[in-house]
Amino acid sequence: MFIEKIKSEGLSQLSYLVGGGGKAIVIDPRRDCEIYVEKASQLGCRITHIFETHRNEDLVSGAPILSGLTGAKVYHGPNAAAKVQYADTVAEGDSFSTGEVRVDVLETPGHTDDSVSYVLYDQSFGNDAVAVCTGDALFVGDVGRTDFYPERAEEVAGLLFDSLQKLLGLNDHVHVLPAHGAGSVCGDNMANRDFSSVGYERVHNRMLQITDRDEFIAAKLSEHHYQPPYFRLMEQLNLEGGKPVARTLVPPPLDADEFQELSQRSVLVDVRNIAAWLGAHVPGSLALPVGMITSFAGWLLKPESGITLIAENDTQAEESARHLARIGFDEVYGYLALPMSGWAANDRPFESVPAISVESIASRVNEQPENWQLLDVRSQSEVESGMIPGSKHLYVGHVPAELEALSKDKHYTVMCASGARATVAASVLLNNGFKNVDVFMGSMGAWQSAGHSVA
Amino acid sequence: MFIEKIKSEGLSQLSYLVGGGGKAIVIDPRRDCEIYVEKASQLGCRITHIFETHRNEDLVSGAPILSGLTGAKVYHGPNAAAKVQYADTVAEGDSFSTGEVRVDVLETPGHTDDSVSYVLYDQSFGNDAVAVCTGDALFVGDVGRTDFYPERAEEVAGLLFDSLQKLLGLNDHVHVLPAHGAGSVCGDNMANRDFSSVGYERVHNRMLQITDRDEFIAAKLSEHHYQPPYFRLMEQLNLEGGKPVARTLVPPPLDADEFQELSQRSVLVDVRNIAAWLGAHVPGSLALPVGMITSFAGWLLKPESGITLIAENDTQAEESARHLARIGFDEVYGYLALPMSGWAANDRPFESVPAISVESIASRVNEQPENWQLLDVRSQSEVESGMIPGSKHLYVGHVPAELEALSKDKHYTVMCASGARATVAASVLLNNGFKNVDVFMGSMGAWQSAGHSVA
Amino acid sequence: MFIEKIKSEGLSQLSYLVGGGGKAIVIDPRRDCEIYVEKASQLGCRITHIFETHRNEDLVSGAPILSGLTGAKVYHGPNAAAKVQYADTVAEGDSFSTGEVRVDVLETPGHTDDSVSYVLYDQSFGNDAVAVCTGDALFVGDVGRTDFYPERAEEVAGLLFDSLQKLLGLNDHVHVLPAHGAGSVCGDNMANRDFSSVGYERVHNRMLQITDRDEFIAAKLSEHHYQPPYFRLMEQLNLEGGKPVARTLVPPPLDADEFQELSQRSVLVDVRNIAAWLGAHVPGSLALPVGMITSFAGWLLKPESGITLIAENDTQAEESARHLARIGFDEVYGYLALPMSGWAANDRPFESVPAISVESIASRVNEQPENWQLLDVRSQSEVESGMIPGSKHLYVGHVPAELEALSKDKHYTVMCASGARATVAASVLLNNGFKNVDVFMGSMGAWQSAGHSVA
Amino acid sequence: MFIEKIKSEGLSQLSYLVGGGGKAIVIDPRRDCEIYVEKASQLGCRITHIFETHRNEDLVSGAPILSGLTGAKVYHGPNAAAKVQYADTVAEGDSFSTGEVRVDVLETPGHTDDSVSYVLYDQSFGNDAVAVCTGDALFVGDVGRTDFYPERAEEVAGLLFDSLQKLLGLNDHVHVLPAHGAGSVCGDNMANRDFSSVGYERVHNRMLQITDRDEFIAAKLSEHHYQPPYFRLMEQLNLEGGKPVARTLVPPPLDADEFQELSQRSVLVDVRNIAAWLGAHVPGSLALPVGMITSFAGWLLKPESGITLIAENDTQAEESARHLARIGFDEVYGYLALPMSGWAANDRPFESVPAISVESIASRVNEQPENWQLLDVRSQSEVESGMIPGSKHLYVGHVPAELEALSKDKHYTVMCASGARATVAASVLLNNGFKNVDVFMGSMGAWQSAGHSVA
């Protein structure tokens, strides 16, 4: 019996291929799902079952596509209100056997109503579980969000508490296999460790130390999470079965004229690193480095938008298109196949944005120049542990929708923890008519390392 | 300007990616056509045009799929009787420019009515051709077949002669880029060299030495070619646009029970090497080593047949499925994931076939045991240069359709040039009720190396 | 913190890359060790420490090579009698920190005197172990061999018992990371599962159920293990630091003449599947399918032997050379780049060996033809659970050294569990002057599936 | 017979694997030469001969390493003054046969004294050449440099003329296989086409139109070429046999502290794109994007320098190390595994350099601010076709050695054709105490596209 973890970087989504004895199952497959078939084949296994722990809101499920490729059925937890059309419904106590593996279903609602966990057994060793796929109920170091049903906030937090108790009923030695790792938008406090066990979580998971149900509910209600607008689209796609990928994922290289033509009818997304965007970029382009796509494209792009990339090379363009496709953005028209120097040498316009050092920021904070505003785009939970005096908070994901909270007459220096999200936000401002914008390079990291105080 | 040759082994089909200056064209793309997009992207080019030299009868064209992936238009030669539905028609003198490349059309009928050649120019250097894609008109060392319109045999051989003169009108330095290389079913005498030029072919191509039109026609009419039955299906698919590949190409591994169940409703194709099939094989399986699939599957399998493989491992199964898909066989259900020892250890039946040495054959030929027949399954052109005394000829591809020419009461030793095709033919015999069949290992190669005489 | 398992198929050897926070350690690296550097780099980590759990006797350690590539130091357990020259010695209680990982040393002798285990901690979570690298002390489902010091048999079995108690002192949730998985020559009863935990092993590991020290010692003393002769060489190399691989691992393809010339001064090893060897093989070749190389090359080949392969293709030849290099056989001269039909067509000799079915064996067992002997080459532990009446036992690994126990006048049918090892043994007999040898295809598996009785 | 071109990007170096019939030869192998063995093996060939067309001055030859891997002998042209130690000497008329290939030697001195060409024949077709490896004698669209023996300038230019006449004696249809393509430092005017033939070059190669020997000599003497200082080292290494690559080519990732420590004793090379360097870079780092390494590292780095990289990711770091190794720089200690925002967030210093637009430059040129100097770092041949009024010329490669021609009190705006080499040069100035430096983004390309005039 083997367990292979397939990790989708950026999303920090974890899926699993579990098998042995010639048969395998897949848990929570992603959309670009040939990898499961290939790995199973290398391990001498045929995929016979596909299980989903819950309806994902942050990515397009690959379950219906994988089902088409393999003939395996898809199984999903119960949800009377929204039956997943491509899946059979499983319920507490259901059990499946294939090859060396047995899978038992535990209903573990809370994060969503249809959340289930799958307990895995090695059939040669009887009734002692070896691992459990916990979906978004239990993570390494954290537990799932319960903010998706705001009108039932207390109820679902309580449901999650009950579900966690059920999971804690498993033996200490049971491996915990969650659906996300550190870096996911599905949790803030996950450990940067990609394996754990029931026993370790029992002792070290912050949220599992709360043994009182009401206290747990209160703790969950005090949390702050963001819901990017594309979550709604994901939920819809994952109810109906996301559209299969009909086209190749390598976007074509474009010359200056082709790029300019496409820029009239698509969003320009610059996936190079942020220093490059600051140094020189195509006016009107959104700064969204390839590693940040899955976190922020859902905030900044409209589902129906066509996208034209500015990328270093074909590899980066391809990776960007793959990340975009995983969250439902399929219309990538191509990428500018010129460095900024080549673009400029074709007499095309470029712009730069100043990268401001911590010393300069310290002077500005001290002097408070007229009309200047330090804009902090970190998350609510980050700013709660301290802000630079005089700075204003607006979460990076909220910038596009809350521009009216800012004034185009002001000079904004944007900051975050390091300068990366600040650059993303700065690009949004510049694309919306703001003229005087720069970026605090190093941001809170540099501020604190340099010994400045926070408020 | 670059020319990248993409070769499909087995079929010995040659396609080309030609480009420069950010644009590329593809000539005669095969069905698994992601490779063109990937290579073009690596070379910084966008595919803007797809050209076909003629309607292929030996493989499924990838042009309509590649067109869907890239948005590039497909161009095809003129044929009033059978307009290719997915392509625009080109005619003599048409010219296309993209990036550094210019393409001029030469009509070069004969092999088929719609055969055209594409003359390539480096646009930075003006009106002097650098290469020509000759399709199936001109090969390295040979010229195209003209046996596809039997009722117009002389006419089309004459057309080919005229087409070749047109090609010989190009400068000596022009590179010749044909659609097939040595090993293809589209020609017998191609050189085992995968590049040439007009000047070299002018002097060294056997058929270009014939300068008299009538003599050329006579020579073509005296040739003997085989047309596997699947050619008809290919022609049809390549008129309408072959079905896209809807499923993954890695067949699933099967255990003994799954395999046995599928064997009831599919053809068993053993793609292992021939020595393995002789040593032990599943009764009822066809011996068709992976390297021989493209040559003989079209003779031995029905287009609508589902196929279950016996393969060494997942890599060999995948390669086999890819070869089968290129010639239109998509229904591969899986492969037996057990070696023959494991199969037998499950108490499943196996059979062996004796490999007979040249010494034994010499004795038998000498003694002519009663009821024994040496069966030579080589092609007509091969047997014309000599057979072993007393042997009977039946081309391997014709065995399934001409079984009535043989007697089930006889003991057949099957031979070819080495023993490979003989094993394929032996498997056909055994699957059709013949009981007493063995294989001459080494066949004509061993016979002649050992100094025996031929008749 | 991440743990990446790197598995060497064939050997079933498990090594680990453990890291996080920009630093990584490697435990028990294999000889072809670029993979650790590449994986570490992909995970953003620099390798800072290399740990060995014990001196391997079944493969060449890659630790000194990896140390040269990375500059990382190598650490090894204490052994006054045989200090590993390329390593620093660690002792109980030593502790190492790097990036997110802490490593504590537990001395766990028994399998060897220098056996240590490495307990792993996630530094962000304090003093609770997350995993333990147990080397050859504790496997999934079994424990280590204790037969390497025959004169101290009881002592070292007792040492292992004590070491296991020490490991059982860890929490149930601690992941167990052993140095071998199922299929290794280092243990007979390992589970076919490649992950476990202290808690699961505590309950399900057969040997951990024995709580009495004397009983445990008795159980270990009653075990039967084989020591291939190459173990001595491995131990020597792993004391001094194995020779680095000086040459590429892709053996060159050879034509018939080159192969024949090399066959004069090297051992011919046929790495094709066993059915192929039975069907047709080069006389004098050893049947050793690629998947069986690591298990049996050490029994059948002399360390100083040059090797020439018979392989399906370059991929199989390369894989074979890699497997051979891992156990110290570097002199691979090339592979015959011809199928057996091509070999025979060059008028070179070939031989076949009959594959005998279970029905024929049943008849023979019943009739006991004069001079016929069924030879069972399975291991001692396998034959203890039953043999076919009248069969004689000689372990496949012992055949080369104990030929005098057999008679060249007899007709031997060789058997094992399926026919694979039987074919290996048959090839040894034929290469040593035995004339009348065949193979029971299906062997004990078929015998029992067919309902025949064992004695 | 096949010809496989292996191209080393950056260097634009072309090497060839030529073979058929189980044997292959390699012409001008590069240092990372496993690729030849692997490709040969895939094509079923054993490498039997290695040929060098001349002693390379721009890269480290892989011939001695490849010889060690394969056992093939190395052959090199005659040079009494400097016998290549690892090679046998070939002379006019020498001929080699292997498999399907025959190789004849033509002495074609001029570029170097030991320059030879290798004429290739398909042995099945007799005495008509199919291709010729011309080394640095004849390129596509240009001919070799003759500036390596300044004291014999006229003589060697005349020798090259004679050599070219010898090559033109070959048939028009002969394929021309040069040792470099467009982008190489070995020629300025090569066509951007990577294949040609004697016939095409006869008509279209600019230099082959000069039929008068004296006129040809005069033309060669009027050319201007640059010799980076590392050429001397390459010549030395390629005489003795370059040191084998002893260490892996994936440099380890470094954290801020490790990087800072290494920066004390190594050169910092920033291989990210130039916009990124302009946007934010580590003070003291040299801007040398990965694609420019082979062109400029030899000018800017000392052979004995240790190098620490700033790279986007492990892939870019690995590619950079590979490019560096090809030209003899092996001491790459690692790369900074932090983006500039992360670096700054650790409170480490960064700097930016302004990217100046064409409009600003036009104003400056017009106004000629006091103390401002436009510095043009293009090559001599580029500036000969026009400069911006008031600009000063200093070739980028000469900047490190001719700093005294500039004044640290001035404000320099650096330009080239696009801004790429300008950024490289700007980084050299800043690392040498210049304080007021910026870069003209778009440079001459933008200037002319915008319609400004040149002088």
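All chains are identified by letter, namely A, B, C and D, in their written order; residue positions are counted from 1 within each chain.
The working rule: contacts are C-beta pairs under 8 Å (C-beta built on N, C-alpha and C of every residue); 3 or more make two chains touch, one makes a residue touch a chain.
Remember, predicted model here, so these are calculated numbers, not experimental data.
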Co-neighbours of chain D and chain A - touch as defined: B, C
Chain at maximum distance from chain C, centres defined as averaged CA atoms: D
Pair of chains joined by more contacts [C-beta pairs], B-D or A-B: B-D
Separation of mean Cα positions, chain D and chain B [Å, integer]: 42
Averaged-CA centre spacing for the pair chain B and chain A, given as whole angstrom: 48
Multi-chain contact sites of chain B, meaning residues that touch two or more partners: none
Chain A partner contacts - residues on chain C that touch it in the complex: 1-3, 20-21, 100, 122, 124-126, 128, 130-131, 171-175, 191-200, 202-204
Chain C residues touching chain B - in the complex, by the definition given at the top: 272-281, 312, 315, 339-342, 344-347, 349-350, 352, 354-355, 357-358, 417-420, 423, 441-446, 449-450
Residue numbers on chain A that touch chain B, as the complex places them: 22, 34, 37-38, 40-42, 44-47, 68-70, 246-248, 250-255, 258, 314, 317-318, 334, 337
